[in-house]
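Naming follows writing order (A, B, C and D), and every chain is counted from residue 1.
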Amino acid sequence: MTVRFAVLGAGRIGQVHAAAISSVPGAALVAVADPVAEAARAVQDTHGGEVRTIDEIARSDDVDAVVICTPTDTHADLIEQFSKTGKAVFCEKPIDLSLARVRDCLSVVEAEKATLMVGFNRRFDPDFMALKSAIDEGRVGDVEMVTIVSRDPGAPPADYIRRSGGIFRDMTIHDFDVARWLLGEDVESVVATGAVLTDPEIGRLGDFDSVNVILQTASGRQAIITNSRRAAYGYDQRIEVLGSRGMVAARNHHEADIDIAGAGGFTRPPLLNFFMTRYTAAYANEIAAFVAAVAEGAATPTTGHDGMMALALADAAVKSVDEGRLVKLAEVLD
Amino acid sequence: MTVRFAVLGAGRIGQVHAAAISSVPGAALVAVADPVAEAARAVQDTHGGEVRTIDEIARSDDVDAVVICTPTDTHADLIEQFSKTGKAVFCEKPIDLSLARVRDCLSVVEAEKATLMVGFNRRFDPDFMALKSAIDEGRVGDVEMVTIVSRDPGAPPADYIRRSGGIFRDMTIHDFDVARWLLGEDVESVVATGAVLTDPEIGRLGDFDSVNVILQTASGRQAIITNSRRAAYGYDQRIEVLGSRGMVAARNHHEADIDIAGAGGFTRPPLLNFFMTRYTAAYANEIAAFVAAVAEGAATPTTGHDGMMALALADAAVKSVDEGRLVKLAEVLD
Amino acid sequence: MTVRFAVLGAGRIGQVHAAAISSVPGAALVAVADPVAEAARAVQDTHGGEVRTIDEIARSDDVDAVVICTPTDTHADLIEQFSKTGKAVFCEKPIDLSLARVRDCLSVVEAEKATLMVGFNRRFDPDFMALKSAIDEGRVGDVEMVTIVSRDPGAPPADYIRRSGGIFRDMTIHDFDVARWLLGEDVESVVATGAVLTDPEIGRLGDFDSVNVILQTASGRQAIITNSRRAAYGYDQRIEVLGSRGMVAARNHHEADIDIAGAGGFTRPPLLNFFMTRYTAAYANEIAAFVAAVAEGAATPTTGHDGMMALALADAAVKSVDEGRLVKLAEVLD
Amino acid sequence: MTVRFAVLGAGRIGQVHAAAISSVPGAALVAVADPVAEAARAVQDTHGGEVRTIDEIARSDDVDAVVICTPTDTHADLIEQFSKTGKAVFCEKPIDLSLARVRDCLSVVEAEKATLMVGFNRRFDPDFMALKSAIDEGRVGDVEMVTIVSRDPGAPPADYIRRSGGIFRDMTIHDFDVARWLLGEDVESVVATGAVLTDPEIGRLGDFDSVNVILQTASGRQAIITNSRRAAYGYDQRIEVLGSRGMVAARNHHEADIDIAGAGGFTRPPLLNFFMTRYTAAYANEIAAFVAAVAEGAATPTTGHDGMMALALADAAVKSVDEGRLVKLAEVLD
């Protein structure tokens, strides 16, 4: 069975997913929608999907699944709309910036028994998958500490930050999901710190650029997340897991695997600088996993629940910084 | 302009090139030929080229270029045949195992003013390209020594070895080309050693499995090549260049960029084990470079001359081991 | 001028310092004291200091400086006693487990204008010194985040833990000092988490074995400290500092700098497993720095104030875990 | 039993050995000799040996062993002189630059049943010892290829080169010994190349600065040695051994184990730049091994025979470059 796709939103990430759909066996790009006609047409020209409106896609019999790459504030509505059409839905994170809205949306998904996968691409990075496999195979014993260093090469534009929901909901949310994935237990509490160190403009927008978070589970497992909106040496993406029998760590990706040695030392090129280059394989694997789930009628590897829980952790982190205290996850979920 | 391709030979390497053609912008796969009907059809089904015979392809107006992936002993004939059709030719190394035959073939190519690129994929590996750029940018100063470690995970089947022309012409030939590319001067002399250490069967076939070669240029630059048909830890592919101001080295590629630490130490996964996986990007870049050259009517980055010179170095290495002495390249070329 | 030393306490760490004194130019070991006669005599036999009682040493005209390596609960008394004799004092951390007692002790030191250096050996590790120099030379720009991973190979005996003051005062205290050294600004607040994951016995003793701490300065700089009492792969000691222009990181020390590659991957030996082996050079450098300061009448690189501040951070961390909130350092200092 | 030492020659390497003797348990420095009075006195002042003449030392009852650190052309005479006194002899490499003279000298040693250890410090480097242990434990299976990269940071003065016997006898000789140590079989043949690339003055002195050598044993095992008198990035000392089941490799030593990352990449400091710093531990281990052998009346780990064989390999390499051919070791030994 070939899963026939429509991509909603033909911006940067929509193009990434359109390319992934084109390259994944068992998937076909049938349609693409975007209010900006040229954007939609560019995808059509490169990857072959037909330009349609979202409503046309909702009515299209030849579409089995949609990938939602539209602005965040449309995600929940579109999930609800397409859940009711019986089409499988892949939605970029986050479902919404409001936990209440997410909850309502997920009720609809559940009522419709719809298929919903939320895009947490990092779970599909080959190295992180190898790290997870090592844990699952027991090579580090029982998980005790997860350490995540996640730093962007540079901050997004002010306009993006303004609508982002803040660094915890926009950037750390990926790390919250990774931490949940690796801890192997539900997170119970959150403490976080935040500061503005790279650009005062970020502070004027009410956001932070430098944050740290400690998550803790009921049994005491801890995850430490450290984020910065700036890293002069590239896109820093590291995960390390300490267990009772050892540790597993994933290395960064450099622009090239060479070393140049001279009187000043041995130099490796900086890190890959852009999330799409760094996570090219992850995006392709992610769509392939969605295709496999849809084709087999199986559960998707990430779900609406995962999207909600990552957002809840972000809300708890915001509250922790605001109130200078440890916040129980239950406080924001109830 | 789109370069329209036919692939001759639908075996393993033919499939690699068909996939590359499909993915490279500005290239289209039009036809595929193989005496084994299912092999040709498999390429057609996956990548869309039409199954034709070689002669049909030679007569096809809708084919601009061919990629020769047939058995080695057909290469020179096909190069000549297609040179006369005005089609651009990309041929997998080697052109032939006989230097005399190569020379005759190249005369035809030259007479026809045909375009011929010989497939030395390593020059197109992203890391090796970065290494070459570092040299060209003067970051290591004048090149003095090139060190190439090139070890296969395991030996090919006896039947392959029998027809291979021996390790120097089959395996080291890639390293000879890399050495020529990086030395920046013509090689003048060759000394080599060879032994059978991994499997006595290889010796019975009259071949070696463990060889070392030192190339030297007129000014004294040296390249050291070390080959083995067996490396328990994977496909070992390293290059290192010492210059007057420093050194540049390309690292190996592991199955995953993780480390697992325990009481026994810190373990990284073994190296990628298969040349197609290791050089996936190189194969795609190689075809893209050929497409660019054909589209622009420009010189190809590797030529028939490169193919001939690498083979001459192999012949000189064979002679060096046989006679226990340094062999001038001129001895085999004249 | 040669600085003439007496070592008080001939246990494990006393032996380390006696050896360092013997090897440092400009220092001489004159005397050693220990209630266990054989321990004192062993130092005398190996390093040449004469066995005396502490009181004899206090009255000795031929002793310029003492190194206090006795049990923690005697440190403050001995510092006071020797400060009054005009001898320079080097004291192993901590000065005392009670901040009030430390404060009183330091008043005496100040009143006597005595020289007091507190043993924070990590500041003298060659790699950490190189890291600090890189920061001081501006190679990473303004410091933003300090990340310290510090894990012991295994927990000390229950009896040691019982008298240790808890993990924050016993183990993290080193990391608190390193963080203060590298942050370049006073710490203002502390949040911490703690759990028992490696051995329930540690919990029964009222201590944690797995803790994380975030320190924050007034301007928002943050230090993240992660500790565990167990690391199967050896003594894990890493520091990483992110700045506005880059990052500097110190690598771990392995038992040997070799890699063994096989079908299972590439393995480096585990980390040096013992603090004395890992920090051999640091202990020697530390004593050399003390000797230099005493000989020149200069300020010591670490002071009683450093000892007090590290302890205050530990107290704040304890309070943070207890009360589930961010604790201002001023709360414990006032 | 304490082995009582005299050091003959108080230059740079004599000081290294005097320091090693002082620090090794079971060894004592009793005397030092040097025609330059201040040099001898400096050793006496620092390490405590009494200044004596060589002849006085030969007659001294309180000296059990001598370490010969005098100029090369005195080594053989001193070995013979002290062999006859019944004192154990440690001699810096080489015994002599003439193979005939070495042979004569070793006859005397043998006739006197004297103890002679030749200083091949690299065998005592902790990492190389770990590499050797890995081989001996069978972790790489049967040895097939040994690869040695050995590059000096810069060339010695012209005057030194003039008296050195040439790069193969002066510099490569260490690598010849290491290759012999690791191959596990007698070397049968040698091929070598040489050139002048770093400084034409070296050529005017009749020497090379850039050489490569391939050694081969009867069963076909090969060792590849690559040397340069210049490496802008420091003292490059690497060994790698391929076996039937894997590979073991020893890493270089950097000035510090830190990485500084910025927009230009990730930089590690250059390599330790000086053989005494790089091999500090090796020199101490070497003397300790000699002390242990003398104290126990056991065989020394390196012998006069090792010194002779390394020199024979150097002679064969010289002949190979001169005559442009593979040279059997038997040709120079007979």
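Operating definition for what follows: a contact is a pair of C-beta atoms (placed from the backbone, for glycine too) under 8 Å apart; a residue touches a chain by one contact, two chains touch by 3 or more.
Everything numeric here is computed off the predicted structure, so don't read it as measured data.
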>> I want to confirm something about chain A and chain B. Since they are copies of the same sequence, is their interface symmetric in residue numbering (over half shared, so same) or not (under half, so different)?
In response: same
> Where the centres are mean C-alpha positions, what is the separation of chain C from chain D, in Å?
Replying inline: 40
> CA centre of chain A versus CA centre of chain D: separation in Å?
Replying inline: 57
>> Which positions in chain D are in touch with at least two other chains?
In response: 232-233, 245-247, 261-263, 269
> Touch graph of the chains shown: is it line, ring, star, complete or other?
Replying inline: complete
> Across the complex, what residues on chain A touch chain D?
Replying inline: 232-233, 254, 261-270
> Touching chain D in the complex: which residues of chain C?
Replying inline: 23, 126-127, 130-131, 134, 139-140, 245-253, 255-263, 269
> Quick one: in the complex, what on chain A touches chain C?
Replying inline: 141-142, 144-145, 147, 149, 151, 189, 191, 193, 195-198, 210, 212, 214, 216, 219-222, 224, 226, 228, 230-233, 236, 242, 244-247, 324-326
